[in-house]
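Read from first to last, the chains carry the letters A, B, C, D and E; within each, the first residue is number 1.
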Amino acid sequence: AGGRETPSLTPITVVLDWTVNTNHTGLYVALEKGYYREEGLDVSIITPPETGGVSLLLAGKARFAVSYQEEVTYARAAGRPVKAIATVIQHNTSGFAARVEEGIRTPKDFEGKTYGGWGSPIEEAVLKAVMAAYGADYSKVRNVTVGAVDFFAATEGEVDFMWIFEGWDGVAARLKGIPITYIPIAEIEPALDYYTPVLVTTDGYIEAHPEVVRAFLRATSRGYRFAIEHPDEAAEVLLSYAPELDPDLVRESQRYLAGQYARGAARWGEMKLEVWRRFADWLTRYGLLEGIFVPEEAFTNEFLP
Amino acid sequence: MNKKEMEPSREGVSPPVPRPVKLQAEGISMRFDDLAVLEGISFSLAEREFLCLLGPSGCGKSTLLRILSGLLLPVSGRVLLDGEEITGRTGKVSYMHQRDLLLPWKTVLDNVAVPLVLKGYGWKEAREKARAHLEAFGLKGFEAYYPSQLSGGMRQRVALLRTYLYRNDVMLLDEPFGALDAITRERLQEWLLGVVERLSTSVLLVTHDVDEAILLADRILVLSPRPGRVVAAHPVPFPRPRTREHLLTTDYLSLKANILEELRTWSR
Amino acid sequence: MNKKEMEPSREGVSPPVPRPVKLQAEGISMRFDDLAVLEGISFSLAEREFLCLLGPSGCGKSTLLRILSGLLLPVSGRVLLDGEEITGRTGKVSYMHQRDLLLPWKTVLDNVAVPLVLKGYGWKEAREKARAHLEAFGLKGFEAYYPSQLSGGMRQRVALLRTYLYRNDVMLLDEPFGALDAITRERLQEWLLGVVERLSTSVLLVTHDVDEAILLADRILVLSPRPGRVVAAHPVPFPRPRTREHLLTTDYLSLKANILEELRTWSR
Amino acid sequence: MRRSWRSTGSPFLTTVGLLAVWEAASRLGAVSPFLLPAPSAVVVELVRQAPLLLPHLGATLLSGLGGFLVGVFLGVGLALVLDAFPRLRASLYPLLVISQTIPIIFLYPLFLIWFGYGLTSKLMVVVLVCFFPVIVSLLDGLASVDPELLDLFTSMRAGWWYTFWLVRFPSALPSLFSGLTVSATYSIMGAVIGEWLGAPRGLGVYMLRAYKTFSTARVFAAILVVVVASLVVVYLVKLASCLAMPWRARRDTVTGPSRNAGDLTHMRSVP
Amino acid sequence: MRRSWRSTGSPFLTTVGLLAVWEAASRLGAVSPFLLPAPSAVVVELVRQAPLLLPHLGATLLSGLGGFLVGVFLGVGLALVLDAFPRLRASLYPLLVISQTIPIIFLYPLFLIWFGYGLTSKLMVVVLVCFFPVIVSLLDGLASVDPELLDLFTSMRAGWWYTFWLVRFPSALPSLFSGLTVSATYSIMGAVIGEWLGAPRGLGVYMLRAYKTFSTARVFAAILVVVVASLVVVYLVKLASCLAMPWRARRDTVTGPSRNAGDLTHMRSVP
């Protein structure tokens, strides 16, 4: 937008991690409100292929991407020069959920139930870990892969509980009037309180264009701060870019996330080394991480305003 | 296929007692869109009668046979078999098409065995029965050939044998000997006469060969050019067996000239 | 197609001066796997000569024509045209197949126009030129019909006309009149003789009708049963124009009897 | 036998019947609305969302139809080349199969990188999906021409082009149209997949967003649009097949084989 | 014309050539190894991962081949039924098209609910993908039988079954095998998609995991396995087509049309 008026704008592509959702609101606000243009950036935001946007980032087809700590960890371990430059949300807002009828209150109750996962090896490790912590036996859980099937559809069938995002599926459940029980992952296993989502770019780009990274984060940060302060207005901005989303869900989710984006942090986007190291160690402990991962190299707060 | 197979009863003058009617066509007319093809065709085919159909190319002979066999509904008119209407009903008569219509995916033997299989024989038995006839049709040694590997005349013979094996009281044959040389044709004509005799079959045979018609027929129907009408019906009063040598007698010759003249007149 | 089209030069006794050889077959043998089909066939076709090929069904006549037309390579032997070897080279002679081989997706007119288009005419012009011949072939009014809507004889006439329009100095015709009635056949035979005369074409015609061979040919080749060999070559010394009435003279009859006897002997 | 189906009727009746069963199942709670919303709900949503759906439909149609056309031309062209050069055919045939067996999900990032995030990448997905049935069916069709017809044209020294155009191509048309029907069926779907995998707009994008916000009725409204659009393309191909093959006009393949006038095969049950 | 391709050669040479280009491009850095690893890297990874890949391959083959067979039987069976009842055909044909135009991703949840989380759901995806080309090509094939052959059998009162088995089916075989080739190509892919959408194991699962951990070489190793498996299935179908149609044994469709012995069409370039 506005590229014609100011030809000196730097064109920048940002690739998302998923379908447009309230995690991305700050980006859209910054775009809509002209924060990027003020920083001399002509930003376009694109949705990623099914396999995620990092491949586009690495191929140089996007300068910034929305990712998550797990992906950055694996990427770096595989030698991919991906670096996190800001976390969108300070804490992991995901957790295990079940319809109330299932009577699942703690991981102990997972025994004898059916878990519907998307088929990642991490899920198994997480389940093992949290159940062990509660003295429960993972082998009594039936773990089925439901892939991309959503919570509401899956739990119509044999599936009893799933791993969901509180700020999205959880909000949707409330709106649909489906009472659920929810066990936040961060509460049962601190190592899993990792950053998701995070904004990333490549080592090379940081080296070549530190000023662009700085400018981008300045504008983005303004966007998220605006969303924190004006969740309803921010929700409308997002909806104007993606009117296909369910407006009620977006608005509710936005209100929830307004309190989550920078919860407990001095400034939006700041990350702690401890979080990166803890999660990587946890992965290594469960044999889920091959290769060498140096937590210090995986992220930087240097460009945050 | 030696002469003995032919009963001597057919020798002598043609039917003294009129035989009962087997197949009857009543006022059959046919048209394709704007093209009138047949107009009020009526005739009857008696039991054990051998009727030949002569007519200019395109006058509707094959169309008539399709109607008689029940494959095509005439615009008007009826077909009766033994006095019962069979217009539009198939399987009552056996019909050899003008094209050989062999199954390209079946060998000669299997093509010939098909009608027997349709009649309820198992393939093995059907093949054995069919095989017994191959020699007479000059097809021995070609059991395992596919139709595409046969000569035109061989294909026609396979088709004729197939029609014979699906025999009914009435056989409609559309130019069954067209692609055969004089000698093979003679043999098969003899064979066909034997079949008529032995099995009391009635035959309606379309041919373009006036000699053939005179040699074989009890009666010859001549059709006009399209739209086809019956313009003449000649009984052939010559004694049997008739041979090609007889074709040189004046009686034969005058009948032939007669028919040719009719065809010529009508074809103006 | 009136008589005037025929030059009178052909009347009188057959060629007084030997004409130069046009097409020559030298020791052609053919086999399909284990089946010997042709054995040492040698003959020559002179300029403007009309040669008929007689032989039992399945003796290899069509195979011989395929070899002469260059579609099939013989196991041994050569084909020469004007003294030049053309074994295995197509397009040198025109060839009418035994099957009509019309294009099912083209109308009668377009089917007939195809050879002209292949010779470089535009479709429009080709259609016009083709249309001019339809009447003579009794196909007028059927321009827009698809082959599947034609009678057997009509299809054959379309195929003959097509072959004629792709004419070369040499025409190989595989039973071109097989599916035609006596009258239509007579007309087209006359027409063909006119073509030979007018265009100085040499014709090799396969037929099963001995009368037809005697009526048309300058010379008749008789083949033995498979494997086909040339067992006799009869010059036909009768003056032209020959008519069906002439067929009753003793000279004609003895030639015919002769040929039939040869066919019969060899077919034992 | 045939008679009992006579009254069962037209595609219309079947569709209505099916919808009725589905609606009833939904109302009675036999199917969860999270999985399969009632048709009435879908239609309501369709009407409500029409202004939003239209531009998406436009984008999908553009890449779906465009990709279909490109795919068909590519398929036909490639088939001709492979047919003309049998050696090349033996060499490239496996590659064609391979092109179909690499999951699009992995190819798409490459497309995005090579062709950009615009129409082209989506188009490429459709092309990839559509060209294969065309090429296979055309090659098979070209291979099963009556060899004697080919002989005839060889004996007339017809040259490659005339032999192809007058004999082989018309003879391969029924087979080609089989392939075209399959391709047409996939065309709109291919575009939707491309949009799903990443595109600025299109019904796939709409579906994805509706799906991720758990608006099942909207997802199915979009599916309905996709289905109708696909049906239209398929029936256009059927229409084209009738127009392209006038010599067998009465033997249509959608409505079942009927035959020449007066022919009885379809009248057997008339006494 | 043809001659110039003579020496170009076999599928083997093309493949080797292509791999060489790809390897060179990778080595020279023309393609990022994050997107497209060098073939050598893929092969190394394939060998290294073989023990891990094998059980996944087993699962994929099971549902791929199983689904293919079921799909083919279903397609053939349905085609027969639709062909026998033209009214039913007109009614159901649109439903068949519809079944192909609803994105599998939305059908899959229904499959999971109806068929459970095991093999069946995956199988259903493969069946859904495979039955369609078969049914379309078989229906089209059945509709283009020589009507005079049908007449002959009608005049012999052959009954539906014999007419079908002796005339219509053999006549439709070339067309059917066209469809089978397309289906065979999709079969393994269908299984991978099913696994992708959610399955405990299979090459799709392996790929997804490898992808998520940025092991591009492993992804391509798995793709290689999928490709080879698909090619094997396709060539098995080609083999079956030769065996099923002995009367045209010498006109094979993979290696291009050749003709009867002594026939010259393929020898034109010999002087």
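In this text, a residue touches a chain if its C-beta (ideal position, glycine included) is under 8 Å from a C-beta of that chain, and two chains touch if they have at least 3 such contacts.
Keep in mind that this is a model prediction, so the values were computed, not measured.
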Shared chain contacts [chain C and chain E, defined touch]: B, D
Length of the shortest touching-chain route, chain A through to chain D: 1
From chain C, the most remote chain by mean C-alpha position: A
C-D or A-E, whichever has more C-beta pairs in contact: A-E
CA centroid of chain A to CA centroid of chain E, Å: 39
Between chain E and chain B, distance of the C-alpha-averaged centres to the nearest whole Å: 50
Euclidean distance of C-alpha centroids - chain D vs chain E, Å: 17
Sites on chain E at which at least two other chains make contact: 35, 105, 109, 113, 147, 151, 154, 196, 211, 263-264
Residues of chain A whose C-beta touches two or more other chains: 51, 55, 59, 150, 153, 156
Touching two or more other chains - residues of chain C: 32, 70-71, 90, 99, 148
Contacting residues of chain B [partner chain E, same complex]: 66, 69-71, 90-91, 94-95, 97, 99, 101, 103-106, 114-115, 117-118, 146, 148, 166
Sites on chain E touched by chain B in the complex: 146, 148-149, 151-152, 154-159, 162, 166-167, 170-171, 173, 245, 247
Residues of chain D touching chain A in the complex: 32, 34-35, 52, 56, 105-106, 108-109, 112-113, 117, 196-200, 205-206, 208-216, 218
Residues on chain D engaged by chain E in the complex (per definition of touch): 1-2, 5-6, 8-11, 13-15, 18, 35-36, 82-95, 97-98, 100-103, 105-106, 109-110, 113, 132-133, 136-137, 139-144, 147, 150-151, 154, 160, 174-175, 177-179, 181-182, 185-186, 188-189, 192-193, 196, 204, 207, 211, 219-220, 223, 226-227, 230-231, 234, 248, 251-260, 263-266
Interfacial residue positions of chain B with respect to chain C in the complex: 32, 54-58, 60-63, 98-99, 138, 149-154, 157, 174-175, 178-185, 208-210, 244, 248, 253, 260, 263-264, 267
